[in-house]
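Should a chain be cited, it is by its letter among A, B, C and D, assigned in written order, with residues numbered from 1 in that chain.
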Amino acid sequence: MVRTVIGVMGSGHPLDHHARELAYRVGAMIADRGWALLTGGSATGVMDAASRGAHEAGGLVVGVLKSDSGAEASSFVDVAIRTGMGDARNVINVLSSDVVIALPGGAGTLSEVALALKAGKTVVAIGWEPGQSMRQASDGLLAYATTAEEAIAIVATAIAHHHH
Amino acid sequence: MVRTVIGVMGSGHPLDHHARELAYRVGAMIADRGWALLTGGSATGVMDAASRGAHEAGGLVVGVLKSDSGAEASSFVDVAIRTGMGDARNVINVLSSDVVIALPGGAGTLSEVALALKAGKTVVAIGWEPGQSMRQASDGLLAYATTAEEAIAIVATAIAHHHH
Amino acid sequence: MVRTVIGVMGSGHPLDHHARELAYRVGAMIADRGWALLTGGSATGVMDAASRGAHEAGGLVVGVLKSDSGAEASSFVDVAIRTGMGDARNVINVLSSDVVIALPGGAGTLSEVALALKAGKTVVAIGWEPGQSMRQASDGLLAYATTAEEAIAIVATAIAHHHH
Amino acid sequence: MVRTVIGVMGSGHPLDHHARELAYRVGAMIADRGWALLTGGSATGVMDAASRGAHEAGGLVVGVLKSDSGAEASSFVDVAIRTGMGDARNVINVLSSDVVIALPGGAGTLSEVALALKAGKTVVAIGWEPGQSMRQASDGLLAYATTAEEAIAIVATAIAHHHH
């Protein structure tokens, strides 16, 4: 049966200790709930830290990669989807996620938040604010959390609503 | 020789008189400069109004469409690129544009602004503010204009820098 | 660690008993080897039968779907990648597969065989012949098998070469 | 008004004199009919020769490129669609063409023939045979010509039927 997939987006750059810890814990908590984790698959930033968290908690990790070779993949990815499509894979990331969690990031992350809202997905931002324009465009789908626990609780509620 | 292409993004919903007029004038001024206009190609909102403006000024209009059939195309589109890829065509829109002009819009427009910044393109927002997160992510590539004339002047400067 | 993924392509139309059995056994043998199965994900034809085979053998089934909703997904898919890209997902299918097994099919299957060869992947055709043009274009990457066992043996050899 | 677009596919490798001349003449005859030419846009093989033919006959040339930079573009391309999607742009090539002309080529060309047939497009092969499997999959959409003139006549008939 098709598994519930939670997407985790965020910076692809090196993270400070706090951000890395947060991404790791989000990944771990997704795995603990029995959900699959989906990220952009790279061995960097939020993608790598969240994948490591889910992997070490025994979860399934899906990486939707920019390249056609998969050379950039995190070693914590179980299933590598090699798109060869660059940032167009951001669309696949959000469509394939039942709910999206967005950690702080740059333009790529903002594109994923916007594409997720466009696709009618609930987006949970942890510890940052995607901005007033995004909030106006969100149609009530953009939620805010300050901790991993709070984010996971919002995701659980969104999924429950989704299935009823 | 490959033509200079200016992308115009913005709301796909019905526009009020002022917004329609602005999009129309932007399209017309793009054509007047000898640039090709690129939009998402639909017969609605900013896409249709800008395409009409460029068409009536004798310009070339490229529409990069979501559908595989092209059924949604504006009648002012000359070249219809039928992608069958839904919002993934937003990536093609910004990659194929030398500079992007963003009129007010929703989540789709925000995704295009973010994707354009990610791709290193200059984005000119006319009459709105994509938000502080976008500005932080913009690496100096996000410019603001209040009129069509001002926007076109910024585009011309960006293209000149680009070619030198 | 990134798992080995074997793609199985073939007709999306209803299968006769023999073809269904073949696809089922190919899927089951992929799971038995510990490889993940990747298909186009639909609840029809080869995709459904192979997914069922892998699922019932305890394997992991990845479905790369045409739609953005996933409504067409086989109930034997574990991980649904919703692309919203129609046949452009055929490219993702072959790039994400380490080796491709092609059962008889129509134009979609032929496109996947051609795209896989283009991407430098080994393709194993079971019980059919993709044609002389495809063979000329194959650069030695197109192999033929008459049974599931024979195909799996070729796949195993190709993977072993790949990893050395 | 949306222009009629004829796609020309074929080898991306260097051509011998005869093949280059054929591609050039096909491009020129497309332009003479007032149709826009669409190719994969590269400065090599059939793409370049057909683009040159259309350009020198005063036609409009659309190139749908693999890269995100457009660096590979033929200098005879007027409108460069930069997809950044590699071979996934083959799908866009065929969807955006009203009819596809296929000159001899390799796996990429075969993928385009298959994708075009899948999309219900008429495909005219000049001077080669895509193979029996393709013919079986073609549902009557695959036509054969031995000269540029013959191919253009078939295209004209297909377009006329299409519009009625």
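Going forward, contacts are C-beta pairs under 8 Å (C-beta built on N, C-alpha and C of every residue); 3 or more make two chains touch, one makes a residue touch a chain.
Source: prediction; values computed, not measured.
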{"item": "Centroid comparison with subunit B (C-alpha atoms), farthest chain", "value": "C"}
{"item": "Option reproducing the contacts of A-B, where over half of them reappear, out of C-D, A-C or B-C", "value": "C-D"}
{"item": "Separation of subunit A from subunit D, taking each centre as the mean of its C-alpha atoms, in whole Å", "value": "40"}
{"item": "Euclidean distance of C-alpha centroids - subunit C vs subunit D, Å", "value": "29"}
{"item": "Two or more partner chains touched - positions in subunit A", "value": "68, 83-88, 91-92, 119"}
{"item": "List of subunit D residues in touch with subunit C within their complex", "value": "85-88, 90-92, 105-108, 110-111, 114-115, 117-119, 128-134, 136-138"}
{"item": "Subunit C - residues contacting subunit A, complex", "value": "1-3, 5, 36, 60, 62-64, 68, 70, 73, 75, 77-85, 91-92, 95-96, 119"}
{"item": "Contacting residues of subunit B [partner subunit C, same complex]", "value": "68, 83-88"}
